[in-house]
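You will see two complexes here that share chain A, one where it goes with chain B and one where it goes with chain C.
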Partner chain A sequence: MNILVCIKRVPLTGGKISLTTDAQAIDTRLMGFTISPHEECAVEEAVRLVEKHGGAATVLTLGPVDAAEQLRDAMAIGIERAIHLESDGREFDPVATANAIVEAIRADGATFDLLLFGNEAADTGDFQVGVRVAYALGLPCMTGIKEISVNGNQVTAKREIPGGWEIFDAPLPAVITVKEGINLPRYPSLPGRLKAKKKPLATTQPAWQDGGLQKIKLLNPPEEAHQVEILGKGPEAAPRVVDLLAELGLL
Partner chain B sequence: MILVYIEQDRGKVNEASFEALTLARQLAEMSNAPLHASAIGSASDALVARLGAFGVNTLHLAQHAQLNEYAPAAYAQSIVEILNAHKPDAAFAAGAERGNEIMAHVAAKTNLPMAANCVQAQTGEDYVVTRLRWGGSLLEEAKLKGATKLLTVAPNSIPAQAAAHAQTVAVDAFTPQLSENDLRARVVARVETASGKISLGEARVVVGGGRGVGSAEGFKILEELADLLGGAVGGSRVVTGLGWRPHADQIGQTGNRIQPELYISCGVSGAIQHMVGAKGAKHILAINTDPDASIMFKADYAVIGDLHQVVPAICAEIRKRRG
Partner chain C sequence: MSNLPSHARVVVIGAGIVGNSMVYHLAKLGWRDIVQLDKGPLPNPGGSTGHASNFIFLVDHSKEMCKFTLDSVEQYKELGVFTQSGGIEVSRTPERVEEFKRRIASGKAWGVEGMHLISPAEVKKLVPYLNEKIILNGFYTQGIGTVDSLRAGTLMREYAQSVGALQTFANTEITGLPVENGRIVGVETNRGNLRAEIVVIACGLWSPRLARMAGAYIPLTPAVHQMISVGPVPELMDTVGEIKYPIVRDMDTNMYERQHGSDMEVGSYAHRPILWAPDDVPSNEQAALSPTEAPFTQADFDPQLEQALELIPDILGNEKVGIRYAINGLLSLTPDGFPILGETPEVKNLWSVAAVWIKEAPGIARAVAEWMTHGNPEIDPSGSDIARFYPHQKTKTHVNARSAEGFNKTYGIVHPREQWASNRNVRLSPYYEREKNLGAVFYEAMGWERPQWYESNAKLLDEFGARVMSREAEWDARWWSPIINAEHLALRERVGMVDLSAFALYEIQGAGALDFMQKMAVNQMDTPIGRVTYTNFLNEHGGIKADLTVMRLGKNHFRVVTGAFDGARDKKWLTDHLPDDGSVTLTDITAAYSTLGVWGPQARAVLQTIGETDWSNDAFSFGTCKYVDFGTVHVLASRISYVGELGWELYVSFEQGAKLWDMVYEAGQRFGIAPVGIGVYGTTGRLEKAYRLYGSDLEMEFNLVEAGMMRAKVKAQDFIGKAAYLKQRAAPPAALLCSLTVDDHTSSSGVKRFMQGREPILTLDGGPIEDARGRRSYVTSAGAGPSLGKYILMSYLPPEYAKVGVKLKVEYFGEHYPVTVASVGATPLLDPENKRLKA
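Right after this comes the complex of A and B.
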């Protein structure tokens, strides 16, 4: 089967988020970058499905020049080729992102049996790009999926709900947005990384457009005044911890 | 008119819908617009009365045999028909799993922009919304356009509050025209997983471990402490990524949201990804060797020390006091 997996490059934020002085972005000067967590699992799932059913997988991203790094990471674990929709650094909103992806899929010409997305990007959390792409291509869509099994022209997908699972069924081709936990992504091997350098990566520059959700600025949530009470050092602090448990009525 | 989708699953209403309804009503009052609700299937008398108390004057009720089991596109089609017939200024849903999904389908069907997980909104020709990014670690102020503004409201951000004056609700039942395409992806079965264990989301005490735990075996002492307190054990994304705990135990943006009386975090650095999941904890006790770890800026109480010594000492002290 032929699979397309769409990913996003996001900063590794650590303990605190600092903004740029114009409040338009996160100050990433001292940060590393990664594939957004749900999409990292989408990449792994694509590789596993190809290992099981044959075919090939393609990875696509919309992002700055440096997002090529995340495409190479995906190819290092077994994706065959990459499509880079290179942005000029400006953020594309969900409508603009979906439009650019749909245009790229049409231009690419390949027919995909399955299109995988993350349920939502770690940074913008828009919850809609995969769904919009599905409608533009006339495909069924299932979101928030943690298990996929393909049987011929049908796909069964499981979504976790409180206390159990919902089981969805749809015909292929289809769009599925996945959640972390669907698998445990492998680490790229050194030979995998070397191979990835030689795999094909096509780059185009889609035009930025206003899709109707325009960022004005980013802001840190108001911080509550905060004081930590040190109960002690090492195991000698245990009696004070248990006093606290008693105070809170947890003993 | 402002429309709010009320999410219910087999008779059980998602409470987050009433939070969305509260924000929607604030906007409706500001712009002097009537407040309508929509739901799928049937509505109990209690639900209709509660909607009235929240200021709703009309409930649009979509009824169709094919809506008995969840099909996101079909549910969305029901809302699209209300949009087409009544042209609301805005349509709201809870920023829950289904609310976000259904509203994304509505947005894709109507080609309208949508803002997910809003915590504030101001009306106008364009709306100005404040919405969550990074699971709530960061906020975005954005302009939202569209003939009908589509928004979901982040759960637990706006307390549900009834209106000053209750309304009498007119119920408008209708049968949406569903196409074959609306029914391609649908729920065909449900599986219940009965585990005797107390869930992370419900536990009054959560003992969480991070990289500092060191190994899967290292969690034994955390399990022991949780057992003594009738609590549950969780871990950071590092821990589930390393395979020390199953993903189902993850606390964080891509895992569980916890809301215990006390969260005891052991060897957790306190990355924002993790803290988003622990935000609902009433108190946080951090056990960490590093007094400068990020977790110290979020914790209420701390023990500076090695969890491998501190946690067993706490267990021993609990046993001693209980005799």
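Right after this comes the complex of A and C.
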């Protein structure tokens, strides 16, 4: 089967996030970048599906020159080729992003059986691009998916809901947006890294489009107040720790 | 969390391996009322210690670094945090195979045991996952291993706390370092201020920022060392503990591969230098991992992947083994590659212990704690003394240029005379343009460009023929020219002129000047005006602090003349001892005067034609100085010599230097004057005369009696180190500095080889020589004696070997060469009666 995974380069967070002085962007001078976590799982899922069913997987991103790093990262764990829609650094909103991806898919010429997206980007969190691409291409779309199985021309996708699962069946080709937890992405191996350097990476420069979304400014959410309670010191603290673990349902 | 105290005897800033080692050793030496602060949490506050690869290789060409490392391993063992795994450096090039022989020699000189050169097959036996087909050999050292540096730090803090010496406060950020009257008086923090008598900056790559708060400089830069960790490795799964296989350093690719449990860590010093500014290092809050674990830049590491895969194909080529962790780890680099230790010259009682790696931290901390306690560390840290830096060396431009250049030399094969390429032409003498026109090959001395030799003297090679002692081996001849020896002979037989502008010059003046100089110097300073005295400064324990000359220019006026490499340190030593009452001033006039040396049998004849004074022996005797007019040029002429010849040092104001040069050069033509480089002045000329060089032959670990520099009498006046010096004189010395000559230079392959210094001196059966104080014998200086036709080595030898005629051996690139003790003590091989000097 032929799979396309769409990914986004996002800042590697983990510490306190600072904004630029004009509050228009995250101050990324000290930050590394990564594949948005849901999409990292989508990449892993694509590799597994190809391992199981044969075929090939392609990775696509819309982003600045440096987003090629994330494409190589995806190829290092087994994706075969990459498409880089290189932006001039300006942000494409979800409408514009979806338009650019649809155009790229049409231009690429390959027929994809499955288009995988992350459920939402880690930075902008729009939850839209996968859905818009599916709509534009007239494909069925399943979102928030944590399990995928392919059987011939059918795909079954499972979405976790409180107290159970929603299960969808759809014919291929289809669009699925996946959520973290669907799998545990593998680490790239050293040979994988070396192979990735030689895999094909096609670059085009789509024109920037105004999708209509206007950013006013970014705000850091108020810090959550930390409450620290010392349960005691030494062995005397043990009963209270046990009580607490029980209360949390961990015992 | 308890509150900060309002006062402490000493505040140690930093709770990485360095800060922890410092509180440990201060507590051990009896210090109490120590407060340790760190802005991060414990036990890993987020500095370089937290991401270090924590392995220790033992051999270093630098004596002090090697000794600090050996001491550190002993300390880690005592704390129970050292795992001995052995370690192997592997070679991929013939040059590296040779370098290993040199490394073994250094190891022998500094007391490393258990070193062996092993074949590829033997490497394979020890490290079964290594591809032995691509290596030429291995340099195995048994005592190599890994440490748990965070655990070590915790144990050290706990010790200091257990004796009631230490309170530690984490999550406490320094906001200011207040200074009053040039003295640190405490620290300001985000949790309040405290007064302190002494503050120690031990915060790694943040140290420059802290120092600036007090107006001091710690010239280092944060820089990236890339490391990845791959796993889980099936071959390593059965390892009990952290490490089972020897650590491998792939020297020719600047990489290492080190087992860490079921993972393999691969680190690199091969990538482009990536320097950070201290202010750009994120806070603990901002950092994704820790402040010093910066985001990995894959492209920089890519070239190394293939090299690592070549060496460790089974493990790294396994597609199931993933790169689980990859960082741009930040560590500290300095412009000369050495740590930055000691009290800052700018602020009293503010100490630096920075740019120190895991492998040497406990040893260095012990030395610094001893230094703080009684001023006489057992291992001489002078090479790492923060006071060594001149102003230009503290600039960001210099620090970054040299740190970047030095980074890729981390695993490099660095020739002892190798010159820096970056940031040159920083300090130029007034003779510079003339020297350049004469084809000078410039070597650097603390920023000064000094001619090492002059290509225009190549014509002398024919004249002196075989006496120039050419060198056949490329290594021996690297950064060297036979022209040096030709210049030497020209000076000895006719006359030479030497640029000595790199001298550091300090004027000591004021009502208390004589008393002050008496206190500082071993020799009598109450001399007639116009006397030049060669003397030493000692520390309280009789260790040699300085080696220099002093001119008495007036009743209350002395000029101290010292070498460029020691000048900044000597200045601090002098300044530290100036009386508080202002009765003595020190003025640095280094930049105001240049110095031109004119020496050789024809020196008097040359100067007579241009300098308007009576140059005869009666009127201008050895060891005196006076002002002489050379036309319109006013010169202070001083009759001393570091090459053992008749002649003078001419001190001239900087702006008139070029004019003086021209006068001497022109007047000298009919006497065959040659411009002569530092190759003669610093090596061949002095070695024939057994003149010592500070930092090579003289250091704090040896005393004047051992150096053969005991004066006939001890002056009545008190001076620093006098009591210790009297004791040294009364006891038989444990070693004596001797001059040896090489009896046969021929290697097993028939090539004549010439030692370059720092090689081990061995007994006839090839064993190391150790004196009663555990110090091994090694070559302190080496060089040709062209006038003698001999190659000269200096070495401290125990009394049983320090006898003229004793036969010994020297190890050089794995071979032993016969040597003979030619003189003991300061007796020179050339002109022992000093007839030339006093001609």
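Please note the rule applied: the second predicted complex is superposed on the first by the 221 of 251 C-alpha atoms of A that agree within 3 Å, B and C clash if a C-alpha of one lies under 4 Å from a C-alpha of the other, contacts with A are read in each partner's own complex, and residues count from 1 in each chain.
As a working rule, a residue touches a chain if its C-beta (ideal position, glycine included) is under 8 Å from a C-beta of that chain, and two chains touch if they have at least 3 such contacts.
What you see is a predicted model, and the numbers here were worked out from it, not measured in a lab.
Enquirer: Examine A:234 and indicate which partner it touches, taking first as chain B and second as chain C; both and neither are also allowed.
Expert: So A:234 only meets chain B here.
Enquirer: Is A:31 in contact with chain B, with chain C, with both, or with neither (first, second, both, neither)?
Expert: Second partner only, chain C.
Enquirer: For A:220, using the defined touch cut-off, is the partner it touches chain B, chain C, both, or neither? Pick first, second, both or neither.
Expert: First partner only.
Enquirer: May I ask you to decide whether A:65 touches chain B, chain C, both, or neither, giving the answer as first, second, both or neither?
Expert: Once the two structures are laid over each other on A, A:65 reaches no partner at all.
Enquirer: What is the contact status of A:127 with respect to chain B (first) and chain C (second): first, second, both, or neither?
Expert: In the superposition, A:127 touches chain B alone.
Enquirer: Is A:110 contacted by the first partner chain B, the second partner chain C, both or neither?
Expert: neither
Enquirer: Can A:192 be said to touch chain B (first), chain C (second), both, or neither?
Expert: second
Enquirer: When the two structures are laid over each other on chain A, which of chain B and chain C touches more residues of chain A?
Expert: With both complexes superposed on chain A, more residues of chain A are touched by B.
Enquirer: Could you say whether A:15 touches chain B, chain C, both of them, or neither, answering first, second, both or neither?
Expert: In the superposed model, A:15 contacts both chain B and chain C.
Enquirer: For chain A, which residues belong to both interfaces, chain B and chain C?
Expert: Residues common to the chain A contacts of chain C and of chain B are 13-16, listed in rising order.
Enquirer: What does chain A use to touch chain B in their complex?
Expert: So the residues of chain A in touch with chain B come to 13-17, 26, 37-38, 93-95, 120, 122-128, 131-132, 134-136, 138, 140-144, 158-159, 161-171, 174, 179-181, 184, 211-221, 226, 228-239, 241-242, 244-246, 248-251.
Enquirer: Any idea which chain C residues touch chain A in the complex?
Expert: Chain C residues touching chain A: 230, 280, 282-289, 294-296, 298-299, 302, 305-306, 308-309, 316-324.
Enquirer: Hey, which residues of chain A end up touching chain C in the complex?
Expert: Within the complex, chain A contacts chain C at residues 12-16, 18, 29-33, 69, 72-73, 186-194, 197.
Enquirer: For the complex, which residues does chain B have touching chain A?
Expert: Those in contact with chain A are residues 70, 72-73, 97, 100-101, 103-105, 107-109, 111-117, 128, 132-146, 152, 181, 184-194, 201, 204-205, 229, 237, 240-241, 243, 247-248, 250, 253-255, 261-262, 269-273, 283, 285-286, 291, 293-294, 296-306, 309-310, 312-314, 316-318, 321-322.
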